[in-house]
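In the two assemblies presented below, chain A is common to both, partnered first by chain B and then by chain C.
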Partner chain A sequence: MYLTTSLILAAMAASFALASWKLKSPELSMAIAAVVGALAGGLGFPTRILVEGLFTNLDLAILFVCASVFVNVYSYTGAMNAVTRKLVRSVDSKWLLLVFMAIFMLIPGALTGAGSVSIFVVGTLVSTVIRYMGLSEKKAVAFVFVFAILSAAAPPINLWTMLMTAQANMPYVGFTKLLALPILLVGAFTIVYLGWGAKRESKEKILAELPEAPEGMNWFRILCPLAVLAGLILLSLYLPFSVPVLGLPLMFVLATIVAVLCNPRKATIKDYYELIGRTMEQVFPLVATVISVGALVNVIAATGVRGLIGITFVTLPIAWIYLTALLFCPFAQGALSYGSAIILGTPLIFLFNARGMNTTVVAAALSLIFPIGDCLPPSRIVGRISCETVGYAGSYMSFLKQIALPVLLLGALALAMLVAPNSFSFLK
Partner chain B sequence: MVFLEQAIHVLYFVFAGIIGWFLLRNLFKRASRPGIVYDIVYAYCVIPFLLRVLFIK
Partner chain C sequence: MNIKATLSNPKARAGLKAAFLALALLLAFLAGREFHELRHYEETVVSAPGLTERKMLSDYLASLEGTWMDSPVFVYDSGVPGGSVFVMGNVHPYEPATSLAAYIIMENIKVSKGKVFVLPQGNRSASTTGMLANAYPKFFSVPTSFGAKKYRLGDRGTNPLDQWPDPFTYVNYPSRQNLAYQDIRNMNRTYPGRPDGTLTERAAYAVMELIRREKIDLAIDMHEASLMYPVVGTYVAHDRSFDLAMMAAMTLTAGSFDMKCESSPKGLRGLSHREWGDYSDTLAVLMETPEPFIDRVVGPMTEQLFTEGKDEFLDVAARHGLTYVPYSYETGAPLWYRCGRHLSGALEAVAQMGAFFPEKEVLVEWPGYEELKEHDCGYFLHDPGKADPKLVFKQ
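So, the complex of A and B:
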């Protein structure tokens, strides 16, 4: 059984690598790997499994589209240029501005549990400002990525922890300090590491290069769409029984409507239609990725490969789990997205619980390791969005090298929590 | 509240329809990523949106 499933896994990995090399499309390569896996597993051409898999991440795809439409409409109104100009004009210190940008990045992801939302909402603004602070394109994309994954892990909403605790019948309580402290440490390190040596351009030069803000764009018009978005998110978090369940995509659509109403420039319906068409082309690789990943994961589950990966990892000796956690968990995140928390996270919580270790700290530690995989194949969702938002033209490997140190620090802190969870229980 | 929740439920079908329409449009006419590889990717990515709009799944 193990041998058969391992061979299926090998066939899928080989077909993915070959298709990626020949076709240069990770999305189609995932679909091909799914079909090859099903054929190797004796499922025939798995139409039902594939079509059902296409629906796994459909909501996420709709969220990506709606968030991208919001950001592009917001930028189209000129609000992004205006706020960049105002920030550059009023804050002189490079470090202070970097800290502000880090906080901007952390808030949307912390409230929604998705790092990609942070990138969609403020990624363009943050990357523009930090580039003017003297950070290279590579460092800017690293800044955006690291704070996006930190925002996803930050309290109050950490989806990995929520999924693990729900599966393990644990209360989602006591995680705030456990998650916030490592995130603050890694965040501070990232700011110093990426900002060190960067020379801020003169204020006059930056302002001369920045596009002019449209006439009539004031603070009210700038903040109104963002305030509506933040207000809706907070309402759904703190008054869940008093407001209908809107869902993030609808919140973004409502904020887009407000952005359209706040636009000081005249724009026709045709302009917006074309803008949405361009946005769809821009966001399509991501939509295709999440949809293809769904099909791939469905086949992985149907052929038993998912079980093979999960069982192999959690039945390792504890020392091997410590040694390989930083490898297995991020790669599982790259392949299964939030499903990694359920497949690997929950069994590990039971394992550590049986050994008398503090499971709250263990769950927090694991939820700090999983986000690292957001830059790993096959999906690489947050990594790819970061590169596309910043417009990074370099190779993906050079991006990975740039983020290696902050990500390793995050992994090291999480591993320390995993190895000695009882020593960190005072943070509960 | 119940009516609002149902209206929101229907709105999500509308969203799926709008996104499906743009994907279908881009399948035949797009500025970036030309070629048969992305024709295939567009074609299968349209499927879940169409099925959702047609209330099949």
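So, the complex of A and C:
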């Protein structure tokens, strides 16, 4: 079975590489690799498996669409410019503003478990403000990405931990300090690392360059859509038995409606229709990616390639697991998204449990490693959204180089927790 | 060919769009037929003559009527005063040896003292959809003397067609424990349920009501587990039922097959072995059998892997000491073995309840591990074509 599944994996990898080179489209390349994998695995053309796979990340795709519509409508109303102007006018210290921006980035992801939500909600604002603080475009995209993945890993909602604990029948308790401390350390380092040497432009120059806020835009109009969104998220978290399950996409839709109502400028239905059309064009590649990944993952499972990857990793000697965890886990995240926690994370928890190691610390450590993969192919979801939100025109490789140091620090801290989990159990 | 260059030509762009739309519609139609087949396929069961009543979960919570979570409960009352037993399968329909075990119970049961309630499809909705990202086959078949009998292979959680969307985190009622978002559709995380909650919470509440109203003495929840999961091949028992489960495990281990016993953790909420016991007077026991099919390191997802349980990767994992029950490729973990474990596991728990609490004694017979080892599962299923139509049920 090793030989057969290895050959299928090789066929899929080769067809993905060839299709990427020829078509310049990762989404189509993934679909082609899935079909080639199915053919190589003797499944023929498994329509149901391919189409079923398309539904795997449907919720995520809907979330991306709805969140993008919200952000673009909110920006269109002028609220984003207004709040940027107010922030620049009232806070003088570069470091204080960077800390504020880091906190802004951390909150939405920490509450929802999705770093992409942080980028969608505050990414544009944060990148605009930190650019005026003197950070280059490359550093700005690194700032947005690093804090997005930190927000996803931050308590109270860490989806990787939740998925692993659900599979391992562990309660989701005792993770707050274990997750928060490394995130605070990496966050502080990132602010200093990216902010060091950056020279803030003069307040007058920034305000002169920033577009004027539309007439009539005030704090109520600025905060109302954000307050509705935050309120709905907090209600579902803290009053779950009193409110129906809305789901994040509908929350974004409701916040969008409020943003429309708070718009001080006159806008027609046609204006909004065109805005939504532009948003769909903008978000379509991302949606195509997460949808295509689902089909690929289904074929990987159907053909046994998933098993090959899983068994290869979990049967490595423990020292090799430590050495390769920072490679296997992030790349699994790049391919499988949150499925990585189930496929690699849960067996590792059982493995470490059998060796008498503290599984709460192990789960926390793995939950800090998986998000790193959100910048890796084939999906590289958070990496792509970060680049698109900031409007980064440089190469993707240059972006990866810029985030390398903070991400390696996060990986090193997580690895230390993985190697000596019992030494960190005091943080439970 | 550069796709971006091609798309810059309006005519080529329109042509490509039309071609992709046609392809998408064709794939949607072909796949839709298969989804529809799984959604609407009805399994057939021939009840033993001792059936005294057929209820529905909606008899215990009216709002379930007409939903895909409403599911039949089969009652076998001896008429002789004694205890009462509740056996449930397919709470997780990607573990369908549990519903097959329930069907084998229904088709062969003889009760001479007390009452037995059987709910073969704990989460009927979840049995009507495939498990995303796992590429499971739609069905599995059991060979019988009258031909192959086909059964659904479903999901772990309620079908999103019946309950959607998921929240970004699930908060269990009433413990307020945070659980993974998709656990809001996992019936075995939603106990004790809510009468006005989500569809899954309502079904969980209906099961709790069944246990409370019917004064169930022993409630058994059948599951299957991956072999790399520590609780595999185990009774998980609530505090009050721990002694009887431990005695049952020792008896089975001495006589038939290895069975472990664990106490239900108090800090882990929403599970049957914890909440059934906490929110009713029943003795709650959950059983797990080894199912290679749901391990994450196994090879191709085939019906054969499901029915025979033979996998080379899992064999490697076992040789590395990563499985929590003995496993080898040669023996696998076939369907008869998994059903047999459940059948004998349930029988032994019932027997131990009678030994510990004589006033709750239930005298019941159905095939056990040894009989299935000798004859396999199909031997104990009856031909619906020759059975009394009143005893033939489709679900």
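Simple rule for what comes next: the second predicted complex is superposed on the first by the 428 of 428 C-alpha atoms of A that agree within 3 Å, B and C clash if a C-alpha of one lies under 4 Å from a C-alpha of the other, contacts with A are read in each partner's own complex, and residues count from 1 in each chain.
The criterion applied here is as follows: a residue touches a chain if its C-beta (ideal position, glycine included) is under 8 Å from a C-beta of that chain, and two chains touch if they have at least 3 such contacts.
Please read all numbers here as calculations on a predicted model, not as lab measurements.
In the overlay built on the shared chain, the residue A:Gly134 is in contact with neither chain B nor chain C. Look at A:Glu281: by the touch rule set out above, it reaches chain B but stays clear of chain C.
In the superposed model, A:Val314 makes contact with chain C only, not with chain B. More residues of chain A are in touch with C than with the other of chain B and chain C.
Of the two partner chains, chain C is the only one that A:Thr165 touches; chain B does not reach it. When both complexes are overlaid on chain A, the residue A:Pro377 reaches neither chain B nor chain C. Touch criterion met: A:Lys24 reaches chain B and chain C at once.
By the touch criterion defined above, A:Val245 reaches both chain B and chain C. After overlaying the two complexes on the shared chain, residue contacts for A:Val65 are found with chain B alone; chain C is out of touch. Once chain A of one complex is fitted onto chain A of the other, the partner contacts of A:Val253 are limited to chain B, with no touch recorded for chain C. Put simply, chain A uses residues 23-25, 28, 51, 55, 245-247, 249-250 to touch chain B in one complex and chain C in the other. For chain A in complex with chain B, the touching residues are 23-25, 27-28, 31, 51, 54-55, 58, 61-62, 65-66, 244-247, 249-250, 253, 276-277, 280-281, 284-285, 287-288, 291-292. By the touch criterion given at the top, residues 1-2, 5, 22-25, 28, 41, 47-53, 55-56, 59, 111-114, 156-157, 159, 162-163, 165-173, 233, 236-237, 240-241, 245-250, 294, 297-299, 301-304, 306-308, 310-311, 314-315, 336, 339, 342-343, 346-347, 350-351, 353-354 of chain A touch chain C in their complex.
The touching residues of chain B, when paired with chain A in their complex, are 1, 4-5, 8, 11-12, 15-16, 19, 22-23, 25-26, 30-33, 37-38, 40-42, 44-45, 47-49, 51-52, 57.
Touching chain A in their complex are the following residues of chain C: 1-4, 27-28, 30-31, 34-35, 130, 132-135, 138, 164-169, 171, 173-174, 176-184, 186, 189, 194, 197-198, 228-231, 265, 267-269, 271, 296-301, 311-313, 316-317, 320-322, 324.
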